[in-house]
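Two complexes follow with chain A in common, the first pairing it with chain B and the second with chain C.
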Partner chain A sequence: MSVDFVVEFLSSTIRIAVPIILIALGVCYSEKAGVHAMGAEGYMLIGAFVSVVMTIATGSHFLGVVFGILAAALSSAVFSAFAVYLGANQVICGLGLNFIMLGLTSALQRLFWGTTGVPRIEAMNPIEIPVLSDIPLIGPMLFDQPILTYITYLLIPVAWWIMFKSTWGLQLRAVGENPSCADTLGINVARTRSISAIVCGVFCGMGGAVLALQQVQSFTENISNGRGWLGLIAATFGGWNPVGAAGAGLVFGASEVLQLRLQMLGNIQISSYVILMLPYLVALVFILLIGKGRRHPAAMGKYYRKQ
Partner chain B sequence: MKRLSARLVLGMICLTLLVGCGSASSGTSTSSGENEGKQIRVACLLPGSASDRSWSQFGYEALMQVKEQLGADVVYSENIADADLLPALRGYASDGYDVIFGHGGQFQDAMEKVAPEYPDTEFLVICGANPTGENVTAADNAPWQYGYAYGWMACQISQTKKVGYVGALEGIDVTNNFVGSIKDGLKTKDPNCQISVIYLDDNNDVAAAREAANALAAAGCDVILHELNRGAQGVVDVCKEKNIYTLGRSEADVAYAPDQVLAYCDYGWSSKYVSLTKMAMNGELEGGTMYFGYHTAPEAPGFAFVYDEENSWNPKAVTEEMLDNFQVEVVDMFVADPIRSYTVEQAAGGTF
Partner chain C sequence: MIKKERMVKKEKKSFLMVLLDFSPIIGAVLGLLIGSLFVMLWGVSPVTFFKELFKGAFGSTLAIGSTLNRATPLLIIGAGTAIAFRAGANNIGQEGQLFVGGIAAGAVALLMPSLPKGLSVPMILVVAMLFGMVFSGIAVLFRVLKGVNELLTTLLLNYVGTLLLSALVNGPMASSEIVSYPQTDTFGSQFLLKYWPNFGYLHSGIFIALAIILLTGYYLWLTPGGMRLRMTGLSPLAARTSGNNPTKIFVWSMLISGGLCAVAGAVEVIGCNDCLRQEFGSNLGFDGLAVALLGNTNPFGVLPAGVFFGALRTGMQAMQRSTGIPSVILDLIKGSIMVFIMGGAALKLYIESNAKKKVAKAGEKAHTEAVEASAGTGSPELQEASQGGEEK
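Showing the complex of A and B:
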């Protein structure tokens, strides 16, 4: 196995994993506060769509990313209005939102560009970090990436610190475990949950922007193609801990890259459908090895009404 | 009461939006009703989006030609999921549509099931093979002919003698014939030329297609072939970035990557849809399979490789000598011996 192969393998892993990691970070925040994040796929879709539309309209990737995040945050705010304040079923609300976003982005795409499809946009080019990118093996793998990938690196420890070391993180965990107790301590349960759900939207919107602007360089119908769900699973495997969720996202990315390389091995005569199951087999193994002891936040999915 | 109201409001909003969005995934395009009574009614089921800039869009555009040239009353549904195949076919047939196109081999099984219930409707499956039933007809460009041509040409072009292929849906007839013949053409030209085949099980995932193309490029492939719908965009992007050769899906890809795209295949679906609809109107369809290709040209042209108005292949990559050899070793060969068949094992993934 050559060094080039290892570098290429790990670079691909990071590329594939970054959107999944961002979704997983968002899901951690929402679900740790007791709000199901079933709408992650929908947030990702609207984030991807708006980021592409705004990049085309303004010629600025930065504005594209900002508006993509805002659109996803707005969607999650609407979700939280129903799920957190009005007590609508969170699972149904989230699933409904996914369908709405799929239909909405497809319809708007058709409205704006007809059957010609969304044009390609200029890629967000990798930025080499001086000195660091020269480190053998990990240099080109970690430090020759587009800007949103670097931001994702930074967000993992920041998300962990906020969740486990800050006062707001403590409040967030409290409303996810025992909202009535948190309420008696003076924490505004609905507001905390609502903000957590919106933070989830922000992360998912950024995940969509990464997928659309850094990878696909355009928008296509159903561009997320299940990556939102993978992020949701990664958060669960990571025990709703941002570091664990990011690790699970990396494992999913690596298994995806591995299945592509396995298919390229010699004349192995194994159906591609069997090899394509690899990421899902990895998920099953995770459940057996790690997921068994995982306990979801005690009040997850439960509507809390102030007495 | 508050929660009930919330649910009602949410339900109304979802319903309204879903109904609104649903209209975007199916469409009707009806010509003027002045010939009502005589006007032929044609429905088309598309597996993907009518704006995918690839396979499903070819079907949509072909259907629009049927409307324009024959004045037909046309309707289409896009993004048809497997579970919706039978209801969609029964819906159109019971609504009295005379001809129903299924734009892809995946519609064949469902058409064979539904066709006996509606003997007055002609079911036409594009890229199908050997259908059962008198009112089910399959039409296709001979996939082994253009597959062999791609493999032969890729082997000629490749400097590393490593060619990659990214596809979807392993195991169906059209894939077996296409991928099997790519390998055949490549190995016939040079047994030492290597081909790596990756299947994605998804025609439309651009990001996954990009990663597959990246993997092939990293393995040394300097020509990457593909047979994808929207996913093709990912392969073309990677090949442009890495300055290696690939195929286009339309003239837009040639314009986007003129140095990397070798050619795109014009499958001629528009003319085929029109002529098949005419045959249906005249009662000339009798079931079975119709293959178009080098052997039926020029009377019934099949497919054509196109680079620009003057060239069938990229002139910067394909020399006159190659074209002369191509005529003898590919075109003339299929004119003399047009039919071939490849198995799922011959089209398997891996490196060969």
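Showing the complex of A and C:
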């Protein structure tokens, strides 16, 4: 266990955890306002797909990320039209959205590139922050990452501040706990909820863009492969608090890196499929540990309509 | 008098409301339409799409046989999911439970190869049921002991079940021969379901599925237990006040639901395969969930819905072979159907509550007028209160 190994392990943990953290942040917003975020996986898929397509089409990573986020925001707006305004079952609609996105992205990918697969795109190079990256241990771990990772660092406290210190955050939490009470105070419940759902879409779309542009550097069928659900669990474990959710996302990232490292060692007696199970088992143990300590927002999943 | 009123009410029902009564069918039609418009990107017209789909699913005895074979596990999963949903339990772990059922079939066939012919298949079904109950029991334990919503746990268990199957067929249960795909040794012939080669290889699992549909339908609608279960789903509070234990019913419905999904997996393994393969029926679980919704979470509705999805899957695969349209479009159609069914159901409730609100408003207005008429000027407070109510 050399220092290099630890630094390398932790920096790849951060790299892999970033999409999960972003999704967890989004889920915090949606679920704190009382809307199940079952569609996280779907937003992530469409975000990843559109960002890759636009990056290839325009040659600019920036435009790719922007369009990926826009596409995910658009799909979350459609979801909130059904689930928030009309009052359709949020769980089933979210699941349905995941399937729509899976079918859409896989089919379009084959239409655009046939059987050859999506070409690899240029990686987003890590940027060393001048002074900070010289700090021993922490420097190379935290401050030698691609740009979107730095944005994620900033988004965590910003998300926390907006949720717990701003007026809109208070309204959002009120809507998730007791919508009829919030309504009597003059808060527009449906609008607050749908904005939170769209914020969730934005975060998940960005998560998808990070996954596709920074990690995989391409698009493959079902690229998210369960990360959306891990983000959902991370938000639950973090008690729907952005900071806690980010911490839980880091743990999932670490378990995924551990799984990759164990697979690379090769000569281990355990089946590689059991190792692949690791993040999910960690999630289950997490859930078991937190138990009743994490009460979900009282009105989560409940449709509210102005009387 | 009462009868007359009822008749008047029925006549007043608008066309839209009648249409919304059939929201599952509308959802299916809209989903198919979206799919047919989407394939225009491949230069295939919607008419050709429907023609090819129908031909692929029902065009020959072989096609009909594979449609029914494909529908068999969906019917069983649909019935099992219907029980959970009717009880208000959100079991979305069908995929994992299905694979656990497959593992059960493999375990029985490989560990007890000398079972006599009459016992072999029932043994597999019973063991699969038990395995499925234990697997969904994990989610039940989490919920009962720790209050964790079963949505998250069943979803995670899907991944665990899938990887467990992969680990087993690549490890302890792997075939002794060299095979191209991860699988177990071939089962003894007494473990396999009878099938008819001259009727599109249809296997007898369809009769197991029909029996399960009949049993679950009978249970849900014609027994006191089924009534209690449905009542709990509609209102846990009402169930509790009338002396039922919602927790008990939740546990029971989740276990039965998980058990039935596992049976579906076992039937798929011993019907369509002769050994346990890695990911032998991926997508079956969530297809089954969509089938339950399309069948209005009613086992008898699940029957046509299951055949519809079986036909869709078979037809899409045939179309992929003939026109090159990827069969993943089925996921798009499936998702749209789910969203539209839920949207239709919600729209119906929305319009109904609008109508109720109108009636309530009219009543309030009449009440205010009556109060004003009887009390003349009346007390200002009362008037203010009633006006306030009206504005709202």
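Here is the rule we go by: the second predicted complex is superposed on the first by the 298 of 307 C-alpha atoms of A that agree within 3 Å, B and C clash if a C-alpha of one lies under 4 Å from a C-alpha of the other, contacts with A are read in each partner's own complex, and residues count from 1 in each chain.
Everything that follows uses one rule, which is that contacts are C-beta pairs under 8 Å (C-beta built on N, C-alpha and C of every residue); 3 or more make two chains touch, one makes a residue touch a chain.
Only a predicted model underlies this, so the values are computations on that prediction, with no experimental measurement involved.
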Combined model on chain A: chain C and chain B, fit or clash: clash
First, second, both or neither for A:Val35, with chain B first and chain C second: neither
Partner chain in contact with A:Gln215 - chain B first, chain C second, else both or neither: first
Which of chain B and chain C A:His296 touches, first, second, both or neither: second
Which of chain B and chain C A:Leu25 touches, first, second, both or neither: neither
Which superposed partner A:Leu265 touches (first chain B, second chain C, both, neither): first
Touching partner for A:Ser12 - first (chain B), second (chain C), both, neither: first
Partner chain in contact with A:Arg120 - chain B first, chain C second, else both or neither: first
Partner chain(s) touched by A:Ala73 [first = chain B, second = chain C, both, neither]: neither
First (chain B), second (chain C), both or neither touched by A:Met163: neither
Intersection of the chain A residues that touch chain B with those that touch chain C: 82, 86-89, 93, 96, 99-100, 102-104, 106-107, 110, 221, 271-273, 276, 303
For the chain A and chain C complex, residues of the former touching the latter: 36, 38, 82, 86-89, 91-93, 95-104, 106-107, 110-111, 221, 226, 229, 232-233, 236, 271-274, 276-277, 280-281, 283-284, 287-288, 290-292, 296, 303, 305, 307
For the chain A and chain B complex, residues of the former touching the latter: 4-5, 8, 12, 15-16, 82, 86-89, 93, 96, 99-100, 102-104, 106-107, 109-110, 113-117, 120, 123, 211, 215-218, 220-223, 225, 256-257, 260-261, 263-269, 271-273, 275-276, 303
Chain A contact footprint on chain B (complex, rising order): 2-3, 5-7, 9-10, 14, 17-18, 20-25, 49-53, 57, 60-61, 79, 170-171, 196-202, 204-208, 210-212, 214-216, 218-219, 230, 233-234, 237, 241, 256, 345, 348-352
Interfacial residue positions of chain C with respect to chain A in the complex: 38, 41-42, 90, 92, 138, 142, 145-149, 151-153, 155-157, 159-160, 163-164, 166-167, 170-171, 286, 289, 293, 326, 328-339, 341-343, 345-347, 349-350, 353, 357, 392
